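As written, the chain order gives the labels A, B and C, with residue 1 at the start of each chain.
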């Protein structure tokens, strides 16, 4: 054992990583730590945003690579290796990895760490926190749902009562009430980040309770919508193609303005030599192009023209600042 | 006329050198086989293994990482060895590891003491938690004659579900937490790093200590003697004053305590939270480590380190050579497979036989 | 005797088998004539077992040849030997305890086995049993059978496989005198059916019932004689290399104070029936109490109760006034009782342990062998080396695994251990079972020495000669009760034999 140890130490000394090639300051390479993997919409919209920025940003030469979802100590080890490799300027985690970043951010002060979504906390100047708030879009969906519903009962199936789910549900109800003050909103949480079977059951239950339009926040679960022939809303990415006959619209989360801000921060740090990470998670709403609702596509003719107009007006008001959708984080109750 | 031919016959004893050679052959064959697997899957196996080597041993920090990965494996491996040397087939290391981490965490939820007191308490609680569960299996055997395999497997499930309950019922989960994990373990309860800036934490030192203590305990003490006698022949042991009930309970308690320490080392040294996913799999990995090491504590240290290095290097391989982490699990299985094959082969030898005709 | 046109049934020419540097057999040559019984005679470690293992394909000889009916054969496994009609009945039976007799017999018959159907097989086996007058319940589970009956299963199994040459390793070791007689009658019947027998034995009376005797010493043949041409003492001198006195001279010593007192002891068997029934006896200092009886009459349970591994239902056990009733083995050992078990590899030794570990088994916490919780390896080694010297244990080193040793050497480890730890009383249950003459003489001598030193000794044996030669008093045990106690010299084999069969006799000493 002792000899082996000495051998390993000498091996370690001779193998210390060789110097990296000189890089231009406009080259930025991003490592993306998935929360689930590319089968999850949450991870896909991160990549979609990066692809768009890659194509549109003339200032920066953006490259990125995604990594299998890992948690706990293993996530720490993977991010440590990524940082150690010297190949990545930014390590972007799509999930709650702050426990591990807490150890790594002081160890790698030249690398920018970015955490997306709830469950994160700032761990140092080179750690940036972003939130994806789509409550404004959820407000518009609430209006749309209330205007379309025949029963006057809307449904919403959530994962956990996390604050970036609660904000949407509260706004969804507020929007619905703005159209129909009598409207009821059924809300259920499946208490899992990903469990299609539970989500399907919850959808059936809400439909049985009278809901004829259901907001799916716990995954793309459209089988029950198809089966019961009810309209549904999607979350974060455009899922219309998955079930064109039932997916009316959905909240769109566009990371583009948030990522642009982060990249600006990164570039600024390259010049100033110091990062300036945020302690309060930053989010970019509709006015910044960070959120929207998806088009109705072939279902457009089922939406009454006056309702469409009403929603357009609300959207314009949000963009102009005339309408401020309140950000309510309390756990919503089901009607 | 004399004819020579060759015959395969069983060796009387393989011996330590034989075992070491066997391990080397097994690992070499496993690497060849995994290399073929990588090549078939379209990867550059040379680059992949280079990444593996760098990840495991490339820098002092990576060596530390390999050691940190190895520590819980060493504990569960030792837990298996203690039980199996006494021929008590406990496969409850997973549940005991959970129980150790859980009891230790339970103390941190209400203790508010400085680290100098909390850390030793946490370590003791880990040993106690695992030990109690192991001892329970022992009592079930001696009191109600419940098969040890059955009770340990059942307890594995019960403990895992208990953690699941404590989390989903939010007894151990903060109201604003949405991942199935406990709150963060407070700073003063965490196993401290061995020196400033080190990745090696107290748990790694504990693992090394445990390996040495177990080596001495099994081979050099009267208790180890009794335990091995019991494992070798429980009837004769009983005739010579080694009380089987007592031995079963003590051995399973000790085995459980070691597994429980493994849980503390991982949760309080690395993860700083408890979660099913963080702690999952150390029991079965420990079983593999112990079997490959021939249930010998010092060898367990070495094999655990090899597995730790594989895990650490495997992550690096995944990161740098784009090789899926599943390949690492496959490689561990391949090593085990070759080890089992070679252990059979090494029991035989080829002999030249001259015969008069 | 042997006609020129018929080659011998089996011929061994210049067979040599080495284990490392140790030669177990060197240049062994002999012939077995069809229809005869050949006896392999020799002390422990003389190479009898190795030789028979080579003949039945379990080992492969390093050099030399084996001919079957004049044809050279090469056995790579016992199956090859069985195909050639050679079957072995081992000393340690390899039966599956939880299976029935017939299942055990069929098990391993790959060729016709299960396909034959159990009924048809049963018919075939039953015919075999009838032909040789073997009474065997084919549907009994093996664990229900006595050791003697299990041996019949092994023999029938080998016959069922179609063996024409049977190798029997110490077959009478587990039989009562009457059963042994029966065995020889059956073996004789087999030879008239043109089967041949190789018998491994050390009991001179039996050996002389065979036709040809091959005497082995240290792996070499030292004698190859016709049984009619020799006497018992010829054979012992050949075997041991010196003349031997089996009838040991027992000094007359007046027994001292009562040492071991057993009163109204009742002990249950594993099945919950009373195996020892209201038994009382006393053994004094300087006294050997012989317990005569067919095995299975409560001896095992009695000894287990005395050594503390089996709790008694009623009665008391006292050792020079100290009450040992309900005490565990640790206390029994600590009070100076030593135990020599009948089944050494089961209850006396740990097979996977080295000689030095077994020689202190149970004594590991004594201050001679441990400093507190740490074993004193130096002292253990010295003690083991001394034991090897004093008891003449043949082992390569003190670290040799015990399960590689012969029965006699294994027994010597137990003797070394028990005689060291015992200070007052020795319990010896069949201490010479399965051992050969040289060792038996040694065991007897050492028991008599201990008697002189003042030990109280309880000796159970199925060998009435042993009991008569050694004991001061003899108790006959039958169905858990003592049928009678006699002073040595006031009884004889016939009287004891009757009592062992359960017949009451009036004059009780």
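As a convention for this text, a residue touches a chain if its C-beta (ideal position, glycine included) is under 8 Å from a C-beta of that chain, and two chains touch if they have at least 3 such contacts.
Please read all numbers here as calculations on a predicted model, not as lab measurements.
Ranked by distance of CA centroids from chain A, the top chain is C. Put simply, the chain nearest the middle, going by average C-alpha positions, is B. Annotation: 38 Å between the Cα-based centres of chain A and chain B.
Rounded to whole angstrom units, the spacing between the C-alpha centres of chain B and chain C is 44. Each chain gets one centre point, the mean of its Cα atoms, and the points for chain A and chain C are 80 Å apart.
Those residues of chain A lying in contact with chain B across their complex are 1, 4, 8-9, 11-13, 15-17, 67-68, 70-74, 76-78, 80-82, 84-85, 96, 99, 118-119, 159-163, 191, 193.
Here chain C touches chain B in the complex through residues 19-20, 60, 62-63, 65, 76, 307, 309, 328-330, 333, 339, 341, 345-353, 357, 361-362, 364-365, 370, 373-375, 377, 401, 404, going by the rule given at the top. Listing the residues of chain B that touch chain A in their complex gives 54-55, 57-63, 65, 68-69, 168, 176-179, 184, 266, 270-273, 275, 277-278, 298, 301-302, 312, 315-316, 318-320, 324-325. Of all the residues in chain B, the ones that touch chain C in their complex are 7, 9, 12-13, 216, 220-223, 225-226, 228-229, 232-233, 235-243, 353-356.
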